[in-house]
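Here the chain labels run A, B, C, D, E and F in written order, and each chain numbers its own residues starting at 1.
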Amino acid sequence: MDALFIEFFHNTGFYLWDYRNIIMILIGTVFIYLGIAKDYEPLLLVPIGFGMLIGNIPIFKGLGLGIYESNSVLHYLYFGVTQGIYPPLVFLGIGAMTDFSTLLARPVLMLLGAAAQAGIFITFLGALALGFEPNEASSIGIIGGADGPTAIFLTAKLAPQLIGPIAVAAYSYMALVPVIQPPIMRLLTTRKERLIRMEEPREVSKREKMVFPIVAFILCCFLAPAALPLLGMLCFGNVLKEAIVTERLAQTARTSLIDIATILLGVTVGASTQGDVFLTPASVKIFVLGAVSFGIATASGLIFAKIMNLFLKTKINPLLGAAGVSAVPDSARVVHVVGQEEDPTNFLLMHAMAPNVSGVIGSAIAAGVLWSLMA
Amino acid sequence: MYGIEAINANNGWAISVVGISIVFSGLVSLSLVISQLHKVLALYENPSKIKALFQGKKEEKKLEEDTEEVIDIVLTQSQKETFKQFALLVRTMEDHFSLPRLLHLAKISGLKDPYSNLNTLLKIKIIAPDSDGFFTWNKNRFDKAVN
Amino acid sequence: MDALFIEFFHNTGFYLWDYRNIIMILIGTVFIYLGIAKDYEPLLLVPIGFGMLIGNIPIFKGLGLGIYESNSVLHYLYFGVTQGIYPPLVFLGIGAMTDFSTLLARPVLMLLGAAAQAGIFITFLGALALGFEPNEASSIGIIGGADGPTAIFLTAKLAPQLIGPIAVAAYSYMALVPVIQPPIMRLLTTRKERLIRMEEPREVSKREKMVFPIVAFILCCFLAPAALPLLGMLCFGNVLKEAIVTERLAQTARTSLIDIATILLGVTVGASTQGDVFLTPASVKIFVLGAVSFGIATASGLIFAKIMNLFLKTKINPLLGAAGVSAVPDSARVVHVVGQEEDPTNFLLMHAMAPNVSGVIGSAIAAGVLWSLMA
Amino acid sequence: MYGIEAINANNGWAISVVGISIVFSGLVSLSLVISQLHKVLALYENPSKIKALFQGKKEEKKLEEDTEEVIDIVLTQSQKETFKQFALLVRTMEDHFSLPRLLHLAKISGLKDPYSNLNTLLKIKIIAPDSDGFFTWNKNRFDKAVN
Amino acid sequence: MDALFIEFFHNTGFYLWDYRNIIMILIGTVFIYLGIAKDYEPLLLVPIGFGMLIGNIPIFKGLGLGIYESNSVLHYLYFGVTQGIYPPLVFLGIGAMTDFSTLLARPVLMLLGAAAQAGIFITFLGALALGFEPNEASSIGIIGGADGPTAIFLTAKLAPQLIGPIAVAAYSYMALVPVIQPPIMRLLTTRKERLIRMEEPREVSKREKMVFPIVAFILCCFLAPAALPLLGMLCFGNVLKEAIVTERLAQTARTSLIDIATILLGVTVGASTQGDVFLTPASVKIFVLGAVSFGIATASGLIFAKIMNLFLKTKINPLLGAAGVSAVPDSARVVHVVGQEEDPTNFLLMHAMAPNVSGVIGSAIAAGVLWSLMA
Amino acid sequence: MYGIEAINANNGWAISVVGISIVFSGLVSLSLVISQLHKVLALYENPSKIKALFQGKKEEKKLEEDTEEVIDIVLTQSQKETFKQFALLVRTMEDHFSLPRLLHLAKISGLKDPYSNLNTLLKIKIIAPDSDGFFTWNKNRFDKAVN
């Protein structure tokens, strides 16, 4: 019997644990804390954080417990990540909850959503310079897209072995947007610029909203067919939303369906960060590059906005440029808050949503381009 | 391989330039299309507006007529409950709605005994047929009946 | 760099497009329009229509974008169609929202639901005559069942290569029921017949409703075991609905579950209609046969109703026969509208639901029979 | 192969005849069974009806008794909210419901602090035990308490 | 044609039926009846019951109708059972609806949840004695855990061929808890003991509830890593529930997600009970052992409670011990009812929830231990 | 092999003892940890409580100020509907909530025209900024506006 006790003890976490598991468990706990206490992207940080706990319980191989063991439950649920199935489903839900009115009211703001994607490609160069393979570099660059599902989708297709670190980096920085962006925004804009008021957007007709997703889908996917899975579902969801008659489908897409996808995506991505595979020099580089790419993306958006002002009659508030990184809706919210520091009566939020959502489209296109150039 | 060397070796510059240009051409062309969109749609929309206006008038007249009559039927609490749910459904439909569609919605939303209740609604004229095959909801009588 | 631009351009839809893609994109747009503007079966036409757009974006092979490429997201979602998994789930939801009261109140009306299925077998003969293989002919015949999930299920089992055209034909004609049926109904019935009023159905007890799905399931599946997957789920859903205590399961079955299945089924079936595989002579034949089968089904229902009247004391309104084709609830609605043309105070809808729902059972049995005779 | 020839070759006629006959025999037999069903069930149903009637009476009596008493407890807004939700849940249950089942439903529906709130409901007699181990909802006291 | 009729007739249930199918169909009907009329665990008995009907329609092999035929729809849905995927999803939902307050208020009651698991191991010995293999004996023992998903999960991992009988036994006895437990409770406790009142539990802070699932998960899974899939999801669900900010995810987990998992799990487990594979001597032994294990579990809980009272200053009501078998919330409800027989004003329910939910954790740990010792 | 023999052969006794002991050690250690938990958390919690108290006072003052003013804007029925939904959302948030978060929730919950409606709410001061960058919901004005 003692033998059995000892055998069993050798299978417990108290015997099998490794300092890297402990580190990851602490990180996971911090993620959960940030999500709950600081309300940073809770819908993602909490599942990912708890997933980190699940993934870093010290387990013995062979029983089929670990996410990397082919017959484990986690492995089956992880399938939706590795095959890039969850991200389009999440986009379907996002499409079903996104209101493109502000974008339709002032299309020129879409350019800001394009400019901010410069972060992706500059980071791509940086990653190459740090010695990553082109496919890995592309996946790292996409972190600058500030769009979790897009990053996971592209990485699943180009560099599956990096899903963990890239997803975690992307979501961490998306959560830290309120910390990362403001200093850059203050640095690159003058008080006078931050005080600029945007005029009320024009009223947008129901029919415009209805036609938009169809036009946007055809146009963007003709240009970048590889953006199909993401943009297709995003626009499909939006059609369901705007076409009243399909409200019940839109409702399900924006509740049960996206929630289920989010839960499973979050917890499995978190569980994929097993200490031994996650705590590597590559991950450190990825985090550094990720931070850089967020900075560059923000800066490009701001600067491009200032350049636009040289040509526009009615100036736009350059802070809006920072919302181009997407990270919906946090970066739009940051723009709003920074704007209000100067003038509490200046309501920038709804205007910031335009570059914000076009940033989503922008990074989906960028992902498509990178995918097709690397594959 | 590291640094500039690695970038050149992997054709990084070209890829980046191509990439960002595609992103821009995509969003620029899209914004151009959108900016024209509402003008194109503008013409298409007016008729509908007029029609809506027209219908609005018709309905008022109907309401006045009804206010005279009285409702001589006693409703159970549960019927009233269900009627309220029907009212909500109708709110989600056009002013002149199709009865079968309403029934369909009612069943989908799991209202109880949709058939018999719908029948009652017709009997006590809360739902009344209009001239062109559709039906209208008589809020007036509905309030009387439910409260 | 120019080289890269050119290479990329060669991967865009602007270079890869084919006139058939454009045709399908236009058809898809028409589907979406009909669904939204004309409110024809919007819950199916809109997803299928947008699916057609997704499936006809010109893409380059090899990346895993197309629905027919084994590692594409669309392919994984399409699995539920090719393996016939979505249709039973849809039937589960339909069962959880169907009220069989009217059927229980006047069981004789079930015969109309049987008669209308003649369309299936006559079309089957027609398809054979046009040179289709028996398994294909069966799948084409089932279009006359006017029941999308049933048609897709049988086709997935017997002639997977025809799923696209058969599903599209089935749903198109189901959507066009308000256009196809009325003329036939007016042609085959006299004004006097159309004026017949149905007597109020008797009150049906909760317990009857509770027992019905169990009895119906056992009886029908003993007779046609191959109808098991469809009838099993239909009756199971209805049990969950009628057994109050399981309301929460019925609620989920009739909302999230059926919606998710509908979204995925619709969009993937639509995406399966890639121009090159869809625009074929076979598809044209299928559409012709589909139209015919709807006509025959409607006619058989009407004529059988008139025959029944020769024997019944209290005559039934022969228009009800047209509701036997199922296409729930549209054909019942058509019966109601046509009936009201003659007498606006004649409320046929609830009576038409009886043949309507028995038409669903009828075509499920027919599908079972064909499946077992062909396999 | 085309036309009649193809039909004959594939035994089409037989298949069609068999097919439609099966469909008919299925639905005919089902309709026969159904037409007898309610007669079979009729007998089985009566007792329950009587019982229901009986319970109805019992309850009325209870209500009368209560109307005298007063509720000497102050409820927070959030408590009132929760009680209303409990009321809805109870509506979905039989007149004489089981407390644990209610608690179960309350938890499933995510009501806040189901335990303590249920306790209060018992304390202020909105939920009262009946003679045979089940409980009843005292709408009367509930209205007093909540409004 | 006659030939065809005969061939078809040979494929109908009227020709293929076997007395065992009829028996199982009757059992299935009884399950549905108990669920609906007696309100015994309706959410499980009704799906399983109807699943039994589905699984026992006499079918001909080869077409892909039966749950054991690799290309059948039922087989695909059954995959979630055989791979142990549904149980963790169900636990996710349970976690999202469980309130651990009472447990946190009086942790000592957790011991009762541990004691009741003795039933598992004593039954395990009994099963060995009756000639079952160790892996089978473990799966049979876990029936005493009175926790359906746990039983199904462990059996799927250790003895898949027994899933049917073990799942049915587990759920039957869980449903029969109100019949099985009371006599044992009255037998093993004195009136005086049954009259003991529990003091009001202290108020538990939101933060405690928030930290609990994390602590519980890490602690238990370090000790028994093989409990990871079940406890991980249970605690994850509870985190989503307690962390307000993720309410929408918790909401989906406790509605659509758990309902879908429950429907599919129930109906497929039911369908797996095909007469020929289910009605075996082994099944009979399993049912006998199952009944025994429920009895022993109840007894152990009660007796342990009495032992605890020897040491505790403020005595606990030993009836609470019976709630340690989990079977949430039925056994807690039984405790409450039996308690009220003696004193209608003694409200034990909320106190019984503490051993009740710790019984869930207890049997999950037991399952983990058995799994790791057998595999 | 049967009986005791089978148990011994399969090392049954040891497995059972190990098994039950693990279960116990798991739940015992967990209960020990829990029993200490609230003491650990106790200290950590006080500050927040105080703060809450403090905020509570601030708000009252604000309310008083408002009661004078009047709302000089006419709301459509649908606006009122939406505002009520906003009210529900706010109830789920802290007293001093972040506007973007509210907007986010509003969009997630599919309220109609979240932007314009939120704007109106700000214009008619139902949502008012507080001193430290967050916003508060003025129930007082809300009731006036909606009823």
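Basically, contacts are C-beta pairs under 8 Å (C-beta built on N, C-alpha and C of every residue); 3 or more make two chains touch, one makes a residue touch a chain.
Note that the structure is a prediction, hence the values are computed from the model and not measured.
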item	value
Chain D to chain E, fewest steps along touching chains	1
Cα-centroid distance, chain B relative to chain E, in whole angstrom	45
Averaged-CA centre spacing for the pair chain F and chain B, given as whole angstrom	32
Between chain E and chain A, distance of the C-alpha-averaged centres to the nearest whole Å	39
In chain F, residues with contacts to at least two other chains	13, 15, 18, 22, 108
Multi-chain contact sites of chain E, meaning residues that touch two or more partners	4, 8, 39, 223-224, 244, 248, 251, 255-256, 369, 373
Touching pairs - complete list by chain label	A-B, A-C, A-E, A-F, B-C, C-D, C-E, D-E, E-F
Of chain F, residues touching chain A in the complex	11, 13-15, 17-18, 22, 98-101, 103-104, 107-108, 110, 113-115, 118-119, 122, 129, 133
Complex interface listing, chain D residues touching chain C	1-4, 6-7, 10, 12-13, 15-16, 18-20, 22-35, 37-38, 41, 44-45, 92, 108
Of chain A, residues touching chain B in the complex	103-104, 107-108, 110-111, 113-114, 117-118, 120-122, 124-125, 128-131, 134, 137, 204-205, 207-208, 211-212, 215-216, 219-220, 223-224, 247-248, 358, 361-362, 365-366, 369-370, 373
Interfacial residue positions of chain C with respect to chain E in the complex	83-85, 88, 92, 157, 210, 214, 217-218, 221-226, 228-229, 232, 235-236, 239-240, 243-246, 248-249, 251-253, 255-257, 369, 371-373, 375
Contact footprint of chain E on chain A as seen in their complex	4, 8, 11-14, 16-17, 25, 29, 32, 35-36, 39, 42-43, 46-47, 50, 53-54, 57-60, 62-65, 71-74, 76-77, 255-256, 259-260, 262-263, 267
